[in-house]
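Each structure below is given as structure tokens.
Shared chain: chain A. Partners: chain B in the first complex, chain C in the second.
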Partner chain A sequence: MTDLTTQERVSQRVPLWRDVVVLKWVTQVFLLIVVLGAMWFLANQAGDNLRARNINTQFDFLERPVDIQLSEGIDTLPNTGGRALWAAMVNTLRLSIAGIFFATLLGVVVGLARLSDNWLVRRLGSIWVETLRNIPLLVQMIFYFSVLTTLPRVGLGTGPINGWLHISNKGISMPRIFIADGFYQWLVVVLLGLIPAWLVRRYRQKIQDQSGKNTSPILWAIGTIGAFALLGLFVHPAFSWLGAVFGGIADLVDSLPNAVPQIGFAALAVGCAAVWIQRFLSDHRSARGHLSLTDDDWFRIAFAAIASLAVVFVVVSWSGLSAWTLNSSRDLFEVLSDKFNVDGAARPFDAMRPDIIQKGKFPNYGKSGLTMSLGFASVFFAVVFYTSAFIGENVRGGILAVPKGQAEAAKAVGLGRGQILRHVVLPQAFRVILPPTGNQYLNLTKNTSLAIAVGMSDIVQVGTTVFNQTGMTLPVVAIWMLFYLSCSLTISVIVNWFNVRMKLVER
Partner chain B sequence: MTGLDSSNVSSTTAGGQPPAATPVSKIAPPVTPKLSIWEWVKENLFSSPFNCGLTVVTTVILLAIFRGLLAFIFNPVRQWNGVATNLRLMMTRAYPEEQYVRIWVCVAVILILTSLSMAIWHAGSALSVSEVGRKLLTTGTILVLFALLAPFSTAATMLWLLVALVVLGFAEFLRRSSRGLEGQTISTLTLLVLTLSGLVASLWVIPYGHHSYIPKRDPRVLAEPGTVALSTKLPWTLMLVIAVVAYFTGRALRDRLPANATRITLIVLWLLAPPALLYLVLRDPAFDMNHVATTDLPIFAAYAIGGTALLSWLTRPSTGELGRIVSAIILLAGFCSFLTPMRMIVRIDMLALAIFALAAPTFSGGPRAQKRYVASWIGLLGVMSWLITAINTPSTVSVPGGFFIGGMSITLMVAVFTLVISFPLGIALALARTSSMPIFRLLATWFIEFVRGIPLITILIFFSIMVPLFLPRGMHLGEVAAVIIGYVLFSSAYLAENVRGGLQSITRGQQEAADAVGMTSAQKTLFIVLPQALRVSIPPLVGHCIGVFKETSLLAIIGVFDILYIGRIVIPGQTEFMGSTKENVLFVSLIYWIFAYQMSKASQRLEQRTGLGER
Partner chain C sequence: MTDPTTAETPTETIRDLSKARDVIVCENVSKWYGDFQALDRVSATIKEQEVVVVLGPSGSGKSTWIRCINRLEQHQEGRIVVDDVELTNDLRNIEKVRSEVGMVFQQFNLFPHLTILDNVTLAPIWVRKKPRPEAESQAMALLERVGIPEQAQKYPGQLSGGQQQRVAIARALAMEPRIMLFDEPTSALDPEMIKEVLDVMKTLAESGMTMMVVTHEMGFAKEVADRLIFMEGGQIVEQNSTEEFFSNPTEERTKLFLSQIL
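The block that comes next holds the complex of A and B.
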């Protein structure tokens, strides 16, 4: 026993309780069990408590009537909970998109101001940044709101430009352009236009590569899409047959048995695991095809297989999930079919001017204008100003990050000031500016949720009202999280796409 | 005004004066040509026609903003006495007046700790006299503008102009007299103390008026002319004296005590101060001595003795695998204890002991190391038992409605507690996310990305409503505690991302070197990787602290009585001050601004002092 050779010592396996790999995996599985157990315990507890209070956690409140009045948006008196949440989501999206646009504009101005040659402009920029960055957004928002509520009352002659722009303590009302019934058919025409646009761009690019002249392929592609958009205004009624197609798909989905999505999900889970394992194995195969796997790798493979089986189990045992998938895809196609089933005379777009109507004793804004309530205005100004300070700092940092030699070299070649900025400094600065600014866009979107403090009907405010009326806290919170997570995901995907493009330009 | 002054430094060094000896002038050119005022103006404001136009437009905008702001503030319609009368409400809500000495004790303790830390860490820098003169010149100019633009009566304008002229004259005197002596400097701390003494002295001299609001009295608002109440000016004077004395004590002690030990003691005191002040001083628990003697002390003694024996065995380097197995069994027992009914403190102590036992091999060594480890266990156990007992004991201070403090105090409390608790959690998450173990990585990544994807307010609403539902029957958690739990989870996800940035900056060579000297992976992480990673991530961490402090304002939305809620809802609800929301919110934003701006300036100074960001 005692006189083992080195060879034998090495070949002898370590006992199981001293094997680092085994210990690591035991710890991990233990932690996983603790986390899942804690979640199960909490969910169970919540379920018991909710049942004790006679609260059921179903999503059917989305179809039942609620008593909610929204401050603004596509539907101010929604008749169901789902419609109310939908209108509120549109409000949040409006606020975020407008906010991102204006915050970017203002932020660039602030950033450039902080780099100006002019002492006074520089000073103004830094006062802007240092003041707004160091006061909480919510405090700013409430301050703007309390100032805006002192605006004059609405009257029949409310200005500044009566009939076009009204500013009063009922909000800001202006002309609006909106999507009318024919929009979806028109959109099909525009989407069809993408194919020729792509072809045109490739063709122009080829000419440019051959001749060396600037043939502006991107501009040509945009022009092609524009031509199709114009054409679409006249020919869009030709696509109303799509309504029947979508209706047919909806009927088909409706007739599918519950097992179809179940089998689909299960196959997806198993397929993903199989593909992952296959790739893992091929990665660990040497050039001669020899497979060498450590214990840790075996654990990984086993974990992937077990996880996919667990997903299959959940999908099969939870039939509500597949039923929900079927129902919601049927609803989606039904909505699409409704959108296309309009008569041929419908226009894709329409425009209206704001008006003031007198119903009873007091004048008020009519429905025809695009009205921004005071809450919306204060949230809007607050997020735009606040984010502009941060974006301004990003812009400043990005421009400072471009080596001075670059601009000097460009000057030596004889480029003008504008050309240096456009072709040399900004493209390089943009690469530094974009990632943190993308983060600011995410923050802005999340920050619009503070609208609840000034009574603007965003998704959080309406969601709170809905669960106060129905008691459905968990479903509403789930909807919030899903909505914000998908917003965040969308923005990160867009920003990352730009990021990757910028990186490709580099080399 | 502070903003103008201190950011002036970097821009005016480019303008002409020799760069100051402070580290503030980061981009000071090697040789700056001396420009006269007119040359400077021409260079910086009127160098080209475009620049001239820009200057004119900006001047108009700036003057309009300044004037608008002053017209807003000094409009006779404004009800500033709403703020003045309710200052106590805004700071501490309804804390009983006869117990107010407790608040002052807390302020004094924090001030003493601050002064001591300033002395021990050599805070402050030296300013040259001409620098001070230039700053005063700027202040004087702003005062002149202020006097001319504010909607004052002629007499008041004259008075303010006179003050401005005095300041300007003094500044010019300083500038002229410092011509010969370039090396003459003043400490920034001296300036700070001078300014604060001026402010405190003005409480005794200038008739701000005696405002107070007592709901049970008629008339409820008392606004007498004269200087402020004695209950305000006396404590503040005392506080200033205490702070100055503490600073000089710290300076005297600095050279006599061992530097490292003093610093660690101070850090421990800083960590202990918030919970101790809150739960022992402000809350004043009525300890049931009988219960303490029969239950709490025996539990403490059992854990202290058992823990000492266990840990001194575990920290012996000769203890092998058996120690690890024993610690794992204790951890398992700690988790299983949640399945059977027993006192919460027993479970918490057992989990803490398990963590100490698991970490023991990392700190193992000779008798000194063993003793230190056991001492830190007993210390932590003592503090934990003391605090848990204090929190579970009913308070003797009766505060109407809800939590026992409110206003600014609760803002600070939530911010401090959130940061302190989320710090270890965030580090753990960051380590898990960068670890090589896939399940840890997956769980940490999902948690972090999920939390970062949703707004804070949804988390706070969820926790304030749902936590009572998640708890087993018979267990209660106050709303503030529930909200802090949610905020901690939120903050730790962001903190983890900041720390992860630091972790990724540690080169492989460091880890390999640690491997080469035979460190275990826990020792490698604790003693090699983390200290370097945290040092790199100081700037984003300070930014995170500022963010957490600012976002405590969201508590107002879920109805916690913080300073914003009081300013927006409570004060305008008093019949005397209806419609005073704007003034109150402006005051609140000023307070937040001062705190956040000072923190960001401090972080910039820290960055320059430690030379971060230059490597």
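The block that comes next holds the complex of A and C.
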């Protein structure tokens, strides 16, 4: 055997089946084909089976009438399946958002209580946590519901303050402030107020930085917006001409050919992919300007390009999508145009007092008040109390995770108790508290689906009624899954965004 | 042309501390952790501009004592008077003493979520209520003094141990303290970083700062200290001027300790 020079050894080709780069590429492409193939096969198979058993998977039931009464919400007697599901989604969202807000407040209080110097407060915190987190949520929900149903029965002219506040076995009803016809014109005034508010904030911040006095720039900015909101109550009819502008835009959108959104979407997809690839390449350039890409990086670039081409293919071949986009944007501008074409005297807000009506045998709350049903109250209290126990433990753990030396160093430079908590301990504890608390927010949102147990009309309860009436089980379940998935992903994105922002800078 | 009065200044100024004011007075200070007595009737006086080094084996109560002086630990018997303010349960006295006394810790304890500049300006802004531009220019001057002005916008995690400890010194100095306490400032550092921290402490001592230093650095003690205090088992075994302490220790226990570490 002859000795090879280094040059020769390097230039010798590796057989394909031993070449790591080739093997990696073959596996990636093979896996992609397998996954896509499996998905296509399963979808096809399921479709065939459903057709064979005569199960309809069309979504046209959303347009058809249903006979449902919701316990509360934006529409208690919806006329179509879609409208019913939409009203139920709003109920679930209300429950989740209010629940997350109050569970966080209560959780922070509970967590701080468990770390208190005061023995009694500490014990109470422990009892709260240990009781609430060890009883199943469903049991708590039913317990609160059965306690609340012992409230006095609703009758005409009852309640603590008749005509203003009613508390009864049908729930709590109180006066409601709602947006009226002039609201959108008023909103324009408020949005215009954002510009001076921003300038005021910057100016006050500058004074604070120079003089060192606390000039509360944020409060001043909020005050400026408030002033504009107040002003808007009187001057809002000045913006009624916007209706004509939106009408013009609607006409313009209506006259556009179908090709415009198609070209727009395609350009957007290609543009996004191009920008992403360009950024990716510049990020992976070394200091000397050389590209250092791994095989995975090449695969990601190829994948981005293929994905953008796939999007182009879809928008071009599916003209219905562009037509729908055009129609719905035209509808949007027409609605806006209608909202502005109102009588100049229309008020931005209106208020109504709760009423009690008697339809048939039993009296009940009418539509004019802001009503919280017993079902909503029991689900709300159950998820808030239950989740507050877990969030409280997160808060406690987060504060304990800040090293003792941090508080000592802050004491040693003379900071007071509140200042230490605000400037040193809490900012560091927050990093530890946030990720598990994000999980609790996801749990809370998903736990509201237990509302069916107390007859509160959340999306699961209404969805069940809808598929009982229409037989469209699979589409409704698909809507449920999509709804909860998008809620959870939204929460995750927000929490992750905070997480990245709060990250400690290490070398 | 040189001014005759400043031309011949002695290189080694011998400070006369006999007339200086007492700034830290400890009388029979005792402290227990449960059954364990950490401090046993500790009595000592530290004069203005004096540099005192506290020595002793680990567990001898050096750190506990120094931490009692700014009330990070609470003594249970005896009296501690710092700059004419007695440390009692009065919160106002405690806050007054803490803003007069700077402290540097073994583990630096910089605030990791704040930049170096914000670490230094935090207390002047919130405790002394200084305007931000003034606090920042003062902080930059201090960072210049400890030799790391170029790191002002970085975070503690991006600095070496020696640099972090120098920032910690600047942070303590930003409150313009009259007394500085050092609790083993070089024990957590790599050998090559010890010198940069000790150099900063030396210049601080030369500038006339009253300093109390717990350390195992004998070179530093010999060179900078006016007086040494040797502790064991929570008691002060011996205190003496630096020269006497090393050349002519009186107590048997001190001799044994010195023979082990020198």
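Here are a few things to note about the model shown:
One rule holds for everything that comes next: the second predicted complex is superposed on the first by the 328 of 507 C-alpha atoms of A that agree within 3 Å, B and C clash if a C-alpha of one lies under 4 Å from a C-alpha of the other, contacts with A are read in each partner's own complex, and residues count from 1 in each chain.
As a convention for this text, a residue touches a chain if its C-beta (ideal position, glycine included) is under 8 Å from a C-beta of that chain, and two chains touch if they have at least 3 such contacts.
Being a predicted model, the structure only gives us computed values, none of them experimental.
In the superposition on chain A, A:V460 makes contact with chain B only, while chain C stays out of contact range.
In the superposition on chain A, A:H284 makes contact with neither chain B nor chain C. Contact comparison for chain A: of chain B and chain C, B touches the greater number of residues. By the document's definition of touching, of the two partners only chain B reaches A:Y484; chain C does not.
By the touch criterion defined above, A:R176 reaches neither chain B nor chain C. Within the complex formed with chain A, the chain B residues making contact are 3-4, 7, 11, 15, 44-45, 47, 51, 54-55, 58-59, 61-62, 321, 325, 335, 437-440, 443, 450, 452-458, 461-462, 465-466, 468-473, 546, 550-551, 553-554, 556-557, 564, 568, 581-582, 585-586, 588-589, 592-593, 596-597, 600. For chain A in complex with chain B, the residues that touch the partner chain are 17-18, 24-25, 27-29, 31-32, 34-35, 42, 45-46, 49-50, 116-124, 126-127, 130-131, 133-140, 142-143, 146-147, 150, 300, 303, 446-447, 449-450, 452-453, 460, 464, 473-474, 477, 480-481, 484-485, 488-489.
By the touch rule above, chain A contacts chain C in their complex via residues 208-213, 403, 405-406, 408-416, 419, 423-424, 427-428, 431, 504-507. Chain C contributes residues 70-72, 95, 98-99, 101-103, 105, 107, 109-113, 122-123, 125-127, 129-135, 154-155, 157-158, 168, 171-172, 174-175 to its touches with chain A in the complex.
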